[in-house]
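As written, the chain order gives the labels A, B, C and D, with residue 1 at the start of each chain.
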């Protein structure tokens, strides 16, 4: 989807501060949110790609307001509610009760975890399809706009690059996140010049990005 | 498909995380000790000290360095490092003329088995957005001024490959042991927003 | 600039609620922020295009957090501070003092309003340049990425359309917002099909948008 | 060029607006009465009632309608409506087969002299983003279900032209006077997210 999460090359975000004394979890709830997020994929019967898409589906203010673990927590809750394991509003109601509000908790709903087949643990797969593109070949990233999950960032779409390496095949996030199949396929690291991506005035640099075979076409 | 933003009196994340855990524990779907285990693992056992061992070994052992570049995941497993977000690790080496830097513009993918969980700056929209468009300027702002003749190579971790930077070994470290070398190797150098310095 | 403000076609924003009983200014400060914003352009010696760009330069959280008048207020303050009429931090310090904090207010700084020539009031101009494009002509919006102000939205860039109408010439926002000249030029309404913009699966619709001559090229 | 987000204890907009006004008044750069004047004008004098008069007149006066479509700004000035955000007004007319809807995707440009200041929904990112991509779906969610055969034309106000929708005159209004017609014409119909209905 064309959302806020797709940040490559967007402007207006200010400067980056490094805190050399940063704790792994700056606040205690960050750690709990992290651990619950890891657990949420199993509890909701989803997967890592669905978890990433769940973050993308947060409203931008929710995505930004409570930082990284804020968006993980909101996403964990979303996946668990989507699966019917908890009722919509259950977490909010419990949280309000915890701070003394007299609200009713919703009744449980029917569990409806996504039904789909996984071809194994993790994301890498052995496939028999030979790579369609070869190292050194000129390729172009497809130009597409879709409402669902994809790992083809907007800043690459329509641009020409060169295949740098062929990586292990992996499940396609675009279908895995929506439980419509794994569609495992070849993955390539593709090299782009900064001027190709950002225009003639761009800073000199080389950009490498991993693209699934279906994101690419021969040039 | 997406949701509207929360009301202003929406409970804080602190409260919601407690509420979520309580609801799941009541239903027997998580055990608090399991959550403690996840947290402890990434607070205590998995962090940049892992990556530093890999780099130090690569600096002193040319055969290991070769295996590391050719087949990162397997070489790293020799040191016992593997796990989530480490299915396929690709090591990119800095040279006198190439500086590598890693990002995930779409979320914040990061090589957990070697570096633990990513620091705030890595997850910051300013980092995610700018490092692919104006890396030299951004690195300068972050304290790393690269010579003009050094080419910057940016690696956007958009699939399941995880990139890890093998920094240049600084001068005047010939006398240091592998452990002493590991002690000077920083997280930021292994992501590529810093270089390793001596004392 | 490629910022959050460029919202056409972006996803993840949720649904739209109409409040039939909405007041012109829902809160009293909205009205004050509105009036101060109108005044801010004169006070800072800037212009409407600079005001729009000032909003774009807000951090996304500032842009979104306090709604429309929140971003107007933040922008008014930014223009006034940029011009040296108020010192950086002056508004924050006064506001903190108003709520009882014992903070010092910064000393005044040197006023440095932008120096530039305006060709008249408003944005429309009489120009002698004949329109380069004619009604019915096929054109393409340029593909560019720039860090400064522009009124060519990302969702139009690189797409082909047809000139529907020639409008009165107007100052070019891209230069006017940066005080580098008015560069008044012809403006066109250009028609695009939804499938051209959003791909084959798009809802059928026709999109008309106003483009400055320099945003366009003949197809 | 841009700024980092504010600290969490940053003063509220209520306080900051007071502070800004006080600082400018102290320096003699604004007069509170001038600000009151701006506010009163848009609360009391300039609003959708202006646009409604234009539409009602166009419905009853074919010559005015012709001038309005051909040369909106001048025709509207005949009724005394002009001012900021009205330098060049273009009137787009709905027909049995075309429905027009107006947006400003880049900020929230709006024909102030005819409609006053824009309502919240017009300034909502959800409206700005979606109406150019899925107008039929969005209008449906907003309560306007258009027949399949009606073509939707979306006008994105990206320059200084301001678009104003001339809605269809509903049936069974033959007996109404111009003033009575003006009373049934809504703001939302003149932006194009509604149609005019009787009773």
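Throughout what follows, a contact is a pair of C-beta atoms (placed from the backbone, for glycine too) under 8 Å apart; a residue touches a chain by one contact, two chains touch by 3 or more.
For clarity, every value in this text was computed on a predicted model and none was experimentally measured.
Colleague: Centre to centre, by mean C-alpha position, how many angstrom separate subunit A and subunit D?
Modeller: 38
Colleague: From the C-alpha centre of subunit B to that of subunit D, how far is it in Å?
Modeller: 50
Colleague: Between subunit A and subunit C, what distance separates the C-alpha centroids? Give it in angstrom.
Modeller: Computed value for the inter-centroid distance: 31 Å.
Colleague: Can you tell me which residues of subunit C touch two or more of the remaining chains?
Modeller: Answer for subunit C, listing residues that touch two or more other chains: 9-15, 17, 57-61, 64, 147, 198.
Colleague: Could you pull out the residues of subunit B that touch at least 2 other chains?
Modeller: 1-5, 125-126
Colleague: Between the chains shown, work out who touches whom and classify the graph as line, ring, star, complete or other.
Modeller: Graph shape here is other: it fits none of the named patterns.
Colleague: Which chains are in touch, pair by pair?
Modeller: Final set of chain pairs in contact is A-B, A-C, A-D, B-C, C-D.
Colleague: Would you mind writing out the residues of subunit C in touch with subunit B in their complex?
Modeller: 11-15, 17, 60
Colleague: For subunit C, which residues are in contact with subunit D within the complex?
Modeller: Contact set of subunit C toward subunit D: 5-11, 13-19, 22, 24-29, 31-36, 38-39, 43, 52, 55, 57-62, 64, 66-70, 73, 76-77, 80, 85-86, 90-92, 94-96, 98-99, 122-124, 147, 151-153, 155, 165, 167-168, 170, 173, 187, 189, 194, 197-198, 202-212.
Colleague: Within their complex, state which residues of subunit B touch subunit C.
Modeller: It is residues 1-5, 125 of subunit B that touch subunit C.
Colleague: Sort out for me which residues of subunit C touch subunit A in the complex.
Modeller: Those residues of subunit C that touch subunit A are 1-4, 9-14, 56-61, 63-65, 144-145, 147, 158, 198-199.
Colleague: Where on subunit B is subunit A touching in the complex?
Modeller: 1-6, 10-24, 27, 29-30, 34-36, 38-39, 42-43, 47, 84, 87-88, 90, 105-108, 116-121, 123-130, 132-138, 141-143, 151-161, 188, 193
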